[in-house]
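After this come two complexes, each holding chain A, first together with chain B and then together with chain C.
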Partner chain A sequence: MIGLYRPGTSVLHRMPTGLKLVCFIGASLAIATTTTSLWQVISALTFVMTGYACAGLSARVLASQVVAARWIILFMLAPQLLFLPAIDAVTNTARVALIVILAALFTLTTRIPDLLDATERACAPFRRFGIRPEAVALVLALTITSIPVIAGFAATIRDAQRARGIPPHRLSFAVPLLIMSLKHADDLADAVSARGIEP
Partner chain B sequence: MFKQAAWDVRDTTRVAAFAALIAVLGLPGAVPVFGGAVPITLQTLGVMLAGTILGPWRGAAAILTFEALVLFGLPIVSGGRGGAGMFVGPSAGYLLGWIFGVVVIGAIASVGSERPRWWRTAVACVTGGILVVYAFGIPIQALVTRLPLVETALTSTVFLPGDLVKAVLATVITLTLWRAYPRAFSRGTNPKHPVDTDVTA
Partner chain C sequence: MNSERLISFRQVSVDFGERTALDNVSVLLDQKRIAVIGSNGSGKSTFARLLNGLASASRGEVRVHGIDPIRQARLLRRRVGFIFSNPDSQIVMPTVAEDIAFSLRGRGLSRTEVDERVSRMIQTHGLSHHENSAAHSLSGGQKQLLALSSVLVSEPQLIVADEPTALLDAANTRRISNHLLDEMPQQLVLVTHDLRLAERCDTALWFDQGRLRRCGEPRAVIAEYERSHP
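Entry: the complex of A and B
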């Protein structure tokens, strides 16, 4: 399982995760609330491009994020053009695409272990409501390790059904996948208990 | 109706496994849907099943876990999407709606007895999985895209037939799972539903 993270040593890469998230939320809100005219779109575009340059990311990485946002652009532009004047449709679509591409920069410059640590720290104030930060971190880590396991179950079921000549059918696929996933959860629970971890 | 046994290890790992399962439903090519020809997402089906199988709170924990990993940048939303961009784009409201939707699904599906009934499960999936999700999704989409609410609602109706099919599928799968593996529905160490029951006997 490969995340979107791109390694680097820039200011953005070294910034503390919590502070970085606050900065990105602020920048996204600023673009969301102020960008209404075409020149504001251009200044927002310059800002986003500067951000990518500051992170030491190449134009190719930026381009791949534009490609990743293609469905948002397409699904937004079509109804907007239908219901709104063309200039508004383009401005709205550009604004949303820019915010999405800016938000991607946060993910591109933050390592998953740092995000897990930051989440654990952010959960500390909720201890009084019965949420234990260690348990949250454990669930996140178990989920990351379970994704390839459950993807493997899906492949196994598909192969088994193909071998028996059963055409792929949603119901005959979903039920064994659910059972295997829940049994995997019970195995994990035994493994966690055996190691004396109190989640 | 929200009274459940204390959280134990098994619940923690089930939440993790379900979050992972929803992620796998979004991996391209992992699950066959109409031969992979139509880019339809099965993840909303996973959300409905989280509610009917795990119940309201464990279901919500599974959705929150899945969404945290989306934020962390794992490409696990259908079409290989992921990252913080998902939470600022037009689909942000739907992701928020999933959290509240799964609580409603779990609450309606487990009202009365824990044994799923088809009509109660179907009502739960349509109410929580469609109405609640759209109630958050459409206004936030209108806010983000600045397309008026009515027009946004109109464009969202293209997803309605698919979501209704998923509600039917979720109901059928939930009832089949109850017959095949009732242990799936056991909540924690609740003495009424001992987790060690051998269902194959």
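Entry: the complex of A and C
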């Protein structure tokens, strides 16, 4: 769901990161608060598709973001269909899915170093309260980077358990995942320090 | 002795709880390519980590190019690059270009200069087709080339490589080792189990159970090491 940066020269690529972030937050809030009917969902979808087109991103890229968000869509839609009218269930789910896909458009058109700089600038006023903007920015960047790594750990654990014939169990899955994630956090801290960046 | 690239250890010990990882090591090194060999748990990696301030001495004094690795850690890490054995654990940013650029953060360089340096590294290390690829999706060899690029982009004076070829196949081992041993102008400390790589260095250190058993001409050190591990 967190799209990798795709280089380009579109207006979205060139827009200052801080301004772009404010615009995306504003657009997400607008979708969240105003999309209450099917027509409004269609309007919001048109808006998101226009955003992807403006960024020079193909329909395939947009489709891949929808595929990436499929579990969110499924987990939101299925229970709502049981308790709400179908139109409301679809509207509610579409609202969240559109915000997720819009968020992906932000990361697809923003380089992480630029996001780091923007976060540092945004957090600068909080320095007087003891908050270190560079640390906040680094945490944000490392979180984004670590998501595929932890997903990889989960796949490795599942494979290892299947290979040994261990039946799926939440605890036998969660404990090694936690240990591998903590070890990765240690290694990452060393890697960051070794590059001369003080966390 | 070449004082510009002098690494000095004076009676250095490192304790991890009750275990002594490094025991009273004293050595002066100014060679360009330094190999560090020894069996698992012998203290090789602890020795390497001391050079970049990733570990600190419990007793004794370490100086790397005249710098105290703990008190002047920030200054030292701008001069000393570190390559880990597992390329996955050293990727900090999502894409190849972003990961290399990350090493230049906080150095006061303009965006143009950062982009130029990153492009140069990407081209030099054959990563041109992967500039905007997900760093974690690269092959093992490409990840280690990325790690090398991320270190070299900041133009360090000393590279510490802790078993950089441990997880690589023969072709990638050859590629990475040729980069490290033949093409780089920087001083190199290479921790390795591959004795053929150690043989290509100017000097070799052999660690055994935390002690520095021998330091000198690589062939002689390796021959003695192999005799003690038949």
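The definition used in the following text is that the second predicted complex is superposed on the first by the 128 of 199 C-alpha atoms of A that agree within 3 Å, B and C clash if a C-alpha of one lies under 4 Å from a C-alpha of the other, contacts with A are read in each partner's own complex, and residues count from 1 in each chain.
The rule we apply is simple: a contact is a pair of C-beta atoms (placed from the backbone, for glycine too) under 8 Å apart; a residue touches a chain by one contact, two chains touch by 3 or more.
Here the structure is a predicted model, which means the values were calculated and not measured.
Q: Decide which partner touches more residues of chain A, taking chain B and chain C as the two options.
A: B
Q: When the two structures are overlaid on chain A, which partner does A:80 contact: first (chain B), second (chain C), both, or neither?
A: The first partner, chain B, only.
Q: Now for A:92: first (chain B), second (chain C), both, or neither, which partner does it touch?
A: first
Q: Between chain B (first) and chain C (second), which, if any, makes contact with A:7: first, second, both or neither?
A: Touch partner of A:7: chain C, not chain B.
Q: Would you sort A:194 into first (chain B), second (chain C), both or neither based on which partner it touches?
A: The answer is second: A:194 touches chain C but not chain B.
Q: Figure out whether A:144 sits in contact with chain B (first) or chain C (second), or with both, or with neither.
A: So A:144 meets both chain B and chain C here.
Q: What is the contact status of A:106 with respect to chain B (first) and chain C (second): first, second, both, or neither?
A: A:106 contacts chain B only, not chain C.
Q: For chain A, what residues appear in both contact lists, the one with chain B and the one with chain C?
A: Shared contact residues on chain A (touching chain B in one complex, chain C in the other): 2, 4-5, 112, 116, 142, 144, 149, 184, 188, 192-193, 197.
Q: Which chain C residues qualify as touching chain A in the complex?
A: On the chain C side, the touching residues are 52-54, 73-74, 77-78, 81-82, 84, 86, 88-95, 98, 101-103, 105-106, 114, 132-134, 136, 150-151, 154.
Q: Given the complex with chain A, which residues does chain B contribute to the contact?
A: Touch residues, chain B against chain A: 8-10, 12-21, 23-24, 27, 30-33, 35, 45, 49, 53, 61, 65-66, 68-69, 71-76, 79, 81-85, 87-91, 144-148, 151-152, 154-155, 169, 172-173, 176-177, 180-181, 183-184, 195.
Q: Mind listing the chain A positions that touch chain B in their complex?
A: So the residues of chain A touching chain B come out as 1-5, 24, 28, 32, 65, 68-69, 71-72, 75-76, 79-80, 82-84, 88, 92-93, 96, 99-101, 103-104, 106-108, 110, 112, 115-116, 119, 135, 138-140, 142-144, 146-147, 149-151, 154-155, 158, 168, 170-171, 173-175, 177-179, 181-182, 184-186, 188-189, 192-193, 197, 199.
Q: Flag every residue of chain A that touches chain C in the complex, lowest number first.
A: By the definition above, chain A touches chain C via 2, 4-7, 111-113, 116, 134, 141-142, 144-145, 148-149, 152, 184, 187-188, 190-198.
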